[in-house]
């Protein structure tokens, strides 16, 4: 099997998301036919005992407690970053400067300054940001339908991201609730997904007006963020992301109204896409639930048969699969660090807008 | 206003369904433009005090405790029967023989013998059976779409009628749970609606195989009924009606699968019809919820604007409205006593099938 | 029947909404037991022929083309205003000054100035604004559940009002799209309902930041409006109302997240209320669809039986029914002109906020 | 890694379902902590070229075209059967007699005779039938809730299995439509899943009355099957399985009504379970959608976090995971060949009932 190029991978971080990445590395070869062989070589972390069991469970050959040393290794071709946000920049920059392929969890950074440096450093190496939800088959189908003109001129974009972690003490004690490590709260954690998806589906945002809200006194980060946006295509949008969306564990949704139709997606039913075709005869118009993946749908050939549900982990597998195919074909992969930087600039404008209680331009 | 023919009406019965009929008589003229003037003249019942308050609330000019006397009155043109099932036959036959227009609650009768006599008697007068659900706009739209060939060849018909009255002591002490008055339980009360709707939508039934079930010892009537059916058009069907459908207060649904599409209706969302168009491009196929009434839908001009919900009572108004238009135009109205008789024969075959544990033919 | 006080009513306007009001006047006595007798006396309008047919269909004894003359009549006790928005103020003020009971369509006025004058004038007479959606049984149940503390501390309020009239030439040629007559577009027409409902359910709004959007060049009024809000109870909200919500004919929804639970309502399923109870055992938590009206629900005794759907028109009947009971009991009726004024002030702040691109305080 | 017992596996068959099994073998160790090491050793098939690519994609070390030879190998501990139904019996019996662990696709066999022989042969070895849907977390939760008494006395069980393969020429040309290879059509293919799940959730079936239907002339197997059933617990049930369920690609559902509540599951939303709790206060009762896996739910610790969807493949991983834990703990695994035999007897009774047009007892 040595006929195919081997990619030895180092994973920095061994939490929940590190496990999800690891799973994708093992699975990608079964669902995507690139000529690369991924080899989970070394996983890096500080807690020796959980690191050992993580490595055993997720098939990592070695463990390490020193990410600097790992980046110096010549036998590592790709570095995957799955640590708290404030560590993304130093690791990613070092890895890129060492010529490694770099994969980084979202949000790319904690500040625009960091993100600019990261994007600059990564320009010379293949890179990826794990905005996995962009690769839900139903979301890719939405993009395809927009490209085909099925919505016509876009009027409205509406995005929600709801979870209820803000009232769960087990979650509010983690690094995600500390400004120095997370950079922000609901904004970076949740809204960043919705923003990236909006850029993917509806193009650039020209200006925003936002409101950050922290419900719990002395909490360092935003519990919720709401905003209005003007897109450069003339449409208007609203976004809301909150850790106080009681009733939902992890729900991202978007809805788009155009002159010819409407699209609606909800992560709670990730194998469905809702479409309203306003060009049908009026008495036959209605919201239609397309089960995705169906025949000829995105990734229909990669995973199981039409009508057989895929889940959360497959969005990571598809991200990695497309990355490897891009690498093989020497084509551009998206979302990359430049895309991550764009989201960071939006997050920054949103934060500024909330502070200044004013509209902020992105230009 | 005397330019239009007046119909003086006598209502026999003053319970819940009598109120619903009364409401329809008051409302029909606002939504349907026949040239008839309906005048609620006299309501007949045995309990003096509730009869008085009923008459006052529902606008009846007179009250009476003697239905025979009412039928003898020359100033009464129409008799509406809203009493327990075992009284349908004597009243309807007398009224028809007296030349009155006759409207009768469903099920038409408690036996086929009664129903035959009723249908014979009523052949000379305009008549109606209150199978109101056939006139839900979404159901009429379903029929229209079937007629247009949108389902192609029909394979499956599936009907459910669920309520939970069987575990509600307030309901199990009424006449509906006594064989002598009701004739049957879930069969006559609930299944009759599903059967009538199936005949309307999918045509005649050739044979049935059924199972009646009574969960409560010593209860006189069936609590639930299930059956398989062969339709004369080659399709097969299942029906289930139960008063032990815990979770539902009053839900009737049907689903039809054909070679070109699927239709699904649920009374819980009576302003919607679900349609799957199997002739669309495979990647765009999906279940579509058509909001009814929408533009050009049945009754869209009669009631409010597209997108404005109608409710339970409007099915009775539409029944009466169509009856009056038929009367005016001298065309056949359906469902009439002959349709009621057909349902009665089905109920009888179902009951026999359950007793004999064998298929029963309808021919 | 002369033992009960008669209210002779004059209706100004004979369009769609005038018909809905007329229907409520005829029906209210059957579902609400006040001691008043409503008598639809005279309907006023300019187009003689449509006025005649309206009067005949909706049971008005007389017609008139002069609303001033009507208000001078001593035999009229109540004036119902169902004309374009710019006519609300002159008619309502005249009627109130003549001592009539005044019922006025929403939005109350086209400007705050008008609304202040109207509220002042109406302070001495019983008055009502037809914000009918507040009286959907499921909405009243929501209020009841909030009052019972079932949501705990409120975090988020989210409201949508979507229709697609903006792309329908038949609709964009009406007075609703002319500033001089309508005052505003989606704001007054749609958003006013959402605002009134928010005040009812979640209390006062302290400040707003809004964006009006007109998609069609040269259109005089706003096609869509979006806003962020801070409520005085500490919660934050988003509102969106649009005539470019392709996919929806008339859909109003709200969602409220609190520390103990979530409530969600959608006019597309007006007989349901969605509730998430976060105080249940975690493994049993889920969104629950309560069918309304059910037992012990608001208006459960007024209309039909639990499980039997009501529709659009019943919200007007309930509004009028509650008004008459308030009048009889000499208690305060809401929403009255002061409530209408409050909404008008919000609409004004929203418009100003959009123009100035800044937050506006309501104090 | 040799400290843990290795299971070398032979897979017979390399179609779609063989891929799903292979995936489960690779993944099970990441989600279930048994002490076994699964090693996909050899895959057996007839078409050399597709077999090679299958082996490469799914990580099989060797290929073979002779299943007899494989069963003779001493280095193989487990044989997995993923070939057309008529080959289950010879392979399973040979493998069991050779002392191998045996895993067999459903339905177990094509006849009761075969199934009896298989169950007899397998009694001395660990065995499993791939009725994977029993291990959907929501289905296991349903079973748990029934065991906790949350439904009370069971009245009704209702099962549907719908796909539309019968109108798809690409599917009707496969072995699944040939009697000699499949044994039956919709019955063995689809209904067997529903039956097994019913036995799991609601216990034994005492008698059935069924109707098989073949819509296409000269087709050898049943396109659809419908039946009524009496369970030994006193409840009654209906089942329907069809390849002519136009509108659905692969939908299995069940609904159970009991004296205290209702449960409903639909494979189209496999991460949800619907529950109606009839013991709540009447005005708060409603259908509740529990998102599964949630906290403390079945398999919540095995896969991803609450609120993160799993898919089709995870039901196979869970089946295999539970099997390995049973093997390790020396406890009984279900569903085993005896369970498969029970389903086969039901299928046989159903077929007989349809032929004889009569009820068939299972005793």
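All chains are identified by letter, namely A, B, C and D, in their written order; residue positions are counted from 1 within each chain.
Operating definition for what follows: a contact is a pair of C-beta atoms (placed from the backbone, for glycine too) under 8 Å apart; a residue touches a chain by one contact, two chains touch by 3 or more.
Model, not experiment: these values are computed from the prediction.
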If one overlooks subunit C, the chains that stay joined by touching are one piece
Which chain has its C-alpha centroid farthest away from the centroid of subunit A?
B
Of B-C and A-B, whichever chain pair has more C-beta contact pairs:
B-C
Averaging over Cα atoms per chain, report the distance between subunit B and subunit D in Å.
42
Between subunit B and subunit A, distance of the C-alpha-averaged centres to the nearest whole Å:
54
Roughly how far is subunit B from subunit C, going centre to centre by Cα mean, in whole Å?
35
Subunit C touches at least 2 other chains through residues 248, 287, 291, 294
Which residues, counting only subunit A, touch subunit B once they are in their complex?
141, 275, 282-291, 294-297
Within the complex, subunit B is touched by subunit D residues 155-156, 158, 162, 164, 167, 209, 211, 213, 215, 224, 226-228, 230, 234, 236, 238, 240, 242, 244-248, 257-262, 264, 276, 278, 287, 357-359
Considering only the defined contacts, which subunit D positions touch subunit A in the complex?
16, 20, 23, 26-27, 29-30, 33, 57-59, 163, 248-251, 267-271, 291, 294, 304-314
